Amino acid sequence: MDVLGVLNLGEIAQYFSKMAMFPVFDVAYYIVSILYLKYEPGSVEVSRRSPVASWICAMLYCFGSYILADIMLGECPLDYFHNNSHILLATAVWYLVFYCPLNLFYKCVAFLPVKLVLVGMKEVVRTRKIAAGVHHAHHAYHHGWFIMVITGYVKGSGVALMSNFEQLLRGVWRPESNEILNMSFPTKASLYGALLFTLQETHWLPISKSLLICLFTLFMVTSKVTMTARHSHSSPFALVESWVCHVLFGSALASEDSHDHHHCAPAASAAPASPAKTRDELNEGTRKRKAKKAE
Amino acid sequence: MDVLGVLNLGEIAQYFSKMAMFPVFDVAYYIVSILYLKYEPGSVEVSRRSPVASWICAMLYCFGSYILADIMLGECPLDYFHNNSHILLATAVWYLVFYCPLNLFYKCVAFLPVKLVLVGMKEVVRTRKIAAGVHHAHHAYHHGWFIMVITGYVKGSGVALMSNFEQLLRGVWRPESNEILNMSFPTKASLYGALLFTLQETHWLPISKSLLICLFTLFMVTSKVTMTARHSHSSPFALVESWVCHVLFGSALASEDSHDHHHCAPAASAAPASPAKTRDELNEGTRKRKAKKAE
Amino acid sequence: MDVLGVLNLGEIAQYFSKMAMFPVFDVAYYIVSILYLKYEPGSVEVSRRSPVASWICAMLYCFGSYILADIMLGECPLDYFHNNSHILLATAVWYLVFYCPLNLFYKCVAFLPVKLVLVGMKEVVRTRKIAAGVHHAHHAYHHGWFIMVITGYVKGSGVALMSNFEQLLRGVWRPESNEILNMSFPTKASLYGALLFTLQETHWLPISKSLLICLFTLFMVTSKVTMTARHSHSSPFALVESWVCHVLFGSALASEDSHDHHHCAPAASAAPASPAKTRDELNEGTRKRKAKKAE
C-alpha cells in the first residue's frame, strides 16, 4: 500500500468516525432494536394489554446500553432520557412498529433488503457506542483497564445483558439462561471490541482510533449482514475460540457438526438446547412466523 | 365563582400545600403501608422466622419511593435513612403492627373507620411525594420531561414498582405478574399525577402548584377512601382508558361485566386471573381473613 | 490486668489494626472465597462452558462487598476495579483454583490445615472491611446510624447478600431462600459487628477502634476456624438469639435437638430444610465430595 493510499484511508476513517449518528443511524438502530422486541414471544400481547410495559421494554431495547453504562459508572440511570428528541423518535418508532394500521410499517422494515441495510446501520452505531464507552470510562478512570473493558462491553451489548430483567417486565422468567452464560454474536463481538478499543486507548495498540472504528465497523457490518441474510447464527469466532478455550480452560473441542457455537462450546451442556439460541441469533424465519402469528 | 372565592381557594390551597407532613401524616402513611405488608400472604411467618427480613420489607414499604427515586436519579439509595427519627418511627409502627401483645394495635388500625382516615392521610402524603419528585427531577434536568414524569411516578408508586424484589426478600417469587403489567389504581393515578405535575412544572398547565396539589389530593383521597370503604378495586379511569387504549393501541374494549379493569383491559389475558389483583387492590375482606388466620 | 498489660494490649491492637492487608491477607481472602464458589453445585461446569460467567462470579465472590457498598452509597459499582493489581491477583487465583493442571492448587488449598489458616486470614480481612464500611458511611453521613450499620453489614457479608443474583448468573434460581431470610454465621456476625463498630464510631461504646478490631477479629477467627475444623454450622449466637427473639418477636424457642439454628429458629418453617443450609454453612465434607465428583 503506498503512502497516498494510507493517507486517503486515514482521511476516510477520520471522516467516517466523525459522522453524526443522529438522526438517520439512530433511527435505524431504534427500528432494528424494536423489531427484535416484536419478535420476542408474547411481546405483541403485552403491547395490547399494557402499553406502558411495552413502551418501557422498547426504551430498554433502544437505550439499555446507556442505562447500564450509567449504572456501572454510578451515574443517573435516567440521564439519557433528557434527550427528549431521541426518546420521542424511539417512541414514534415503537408506535409504528407495534400499532401501525395494517401492520404496514412492520412489513416494510422487516422486508429483507430493507432490513439488511438497517441491520448494517445498527452495527455502525454499536461500534461507536463501544468506542464512546471505553473513552468515557478512560476519562473517569485513567488506568482502570477493567473498567474500560466492562463499560465498552456494556455499551455494545445493551439490553442483551439485562434480558432476564427485561423479560421479567413482560411477565416472562427464564432463569436457566442468560446472555453471559450463552453469548450471542453481538455480545461476544462487543467484548472483543471493548478489548481492542481499551488497548487502543491505553496506547498498546499502535493504530489511530478513527481507523480502528472504521475497521471494526467494517467487520461488524459484514458479519451481521451476512448472518442476517443467511438466517445463520454461527459465529465467525467459533473455531479460534474453541481452540483457545480448549487450551486455556480445558473446554471440550466443538465438533464440526455441532450447531450451537457457544462461547467455549459445551460438550455436555447442562442447559437445554433451546435457550442457547439467544435474542439476536434466533433464526429470523422462525421469529417472523411467530410474530406474524401473534398479530 | 367570584373573585373572592378564588382568592380564598388559593389561600387554602397555599396553606394546605405548605402543611408539614411529619409526624402525623407520615405515621399514617407508615401504618397503612405496614398494614398492607401484613396482609401479604406469608409475611407474618417471615416476621416470626426472620425479623431482619421483615424489618427490611417494612422499610421498603415505607420508604421504597425514596429509595427508587434515588436509584433513578443516581443518588445514594440509603440517603433517606439519615432521617433517624423517620426510621425509628417506622420501626416502632412495624413493631406494633407485627408484635403488639394480643394484636391490639393491628386490630385498632384495621378497624374500618380508623383505617379510612389513615388511608385518606396516606393519599395526602402520596400526592406530596409526586409533586416533590417532579420538582426534584426538574431541578436536576430542566428540560427532562421524561425524567420528571418517571421520577414523579416512582415517588408516587413506591414499593409497588419493586414488588417482585420485595417478595423475593420474603422468599416469594411471582414472575408472571408485576405492577407495570397489571397496574393497580394508586400506581396508575401516580402516573397520571406525575404527568399533570410535569405539565404544571413546565408551565403547560396554567394552574398554580398549590392548587394542583390540593385538587389532586382531593381526587386521590375521595377515590381511595371510597374504594377502601366499598372493598372495591374498580378504577375510576376504567371507561376512559378502555376507549383511549382501544383507539390508540388497538386493545379490545372492556366488556361491562369484566371484573378486572387492567390498564387497557385484556380480552384474552395470558396471565391467570389471580395475580391480576395486585397489592393495593386486593379485596380487603379476603386479606384480613388471611391475615387473621396467619396470626 | 495491670496498667502495663493494658498498655501493651493497646499497642498490639494499634499495630494489628494498622497492618497492611495487601497482598498476603487479600490473597487468602480470594482463595477461600473462590474455593466456596467451586463448592457451589454446577460452578465447575459453568467454568468449562462459559469462562466469562465464571470469572464474573469469582469477581463477585472476591469484591461483592465493595460493589454492594458502592451501590448502597450511590457510588460507582465498578470503582474497586481500578485497583488493577487486586483484580489481576484475584483472576490468577480464580484461574489456579478452576483450571490448574491435575487440580493441584485446589487440592493444596482445600487441605484442611492449610484451609484453616486461610479461613482465619479471611476473617481478619472481613473485620477490617466492616470497620472500613462503618467509617466510610460515618464520613458521608455523620449522624446516619442506620446507614453506618447497613454499610458495615454489607461490607462484611459481601456476595452472600446478593447470592440470588450471583446464582442467576450461573443459570441457577432458588427464590425460596436468601441470605437475609436464613442468615449464615458470617452474615449474622457481620450484622452484630456492624452494630458494634457503629456504636464505637458514635462514641456510645467507650473503647478504642483498634482494640475493637482486635477483639472482634479474635472472636471471628476463633469461631470460624472452629466451625470449619468441626464441619459444624451451629452458630455461637443460637442460644442468646433464641431467647431474645422469643421475648421480642414471639418466635418459638429453638429445641435443643434442632439442627438448623436460623436467626430466630422457626417452629414451622415454610421453606424446605435443604436451602436453609447456606453457602458458608454447608457441611464442608459434602461440598468437597460434590466438587470432586464435578471434576
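Order as written gives the chain letters A, B and C; numbering starts at 1 within each chain.
As a working rule, a contact is a pair of C-beta atoms (placed from the backbone, for glycine too) under 8 Å apart; a residue touches a chain by one contact, two chains touch by 3 or more.
Quantities reported herein were computed from a predicted structural model and do not represent experimental measurements.
In terms of which chains touch, the assembly is arranged so that all chains touch all other chains.
Rotation relating subunit A to subunit C, from a C-alpha superposition: 120°, rounded in steps of 5. Two copies of one sequence, subunit A and subunit B, touch each other mainly through non-matching residues, since under half of the numbers at the interface are common to both.
Between the CA-based centres of subunit A and subunit B the separation comes to 37 Å, rounded to the whole angstrom. Shared interface positions of subunit C, defined as residues touching 2 or more other chains, are 74. Contact residues of subunit A toward subunit C in the complex are 71-75, 140-141, 143-147, 150-151, 164, 175-178, 180-183, 191, 245, 248-252, 262-264, 266-271.
Touching subunit B in their complex are the following residues of subunit A: 42, 45-53, 56, 70, 74-79, 81-82, 84, 87, 98-99, 168-173.
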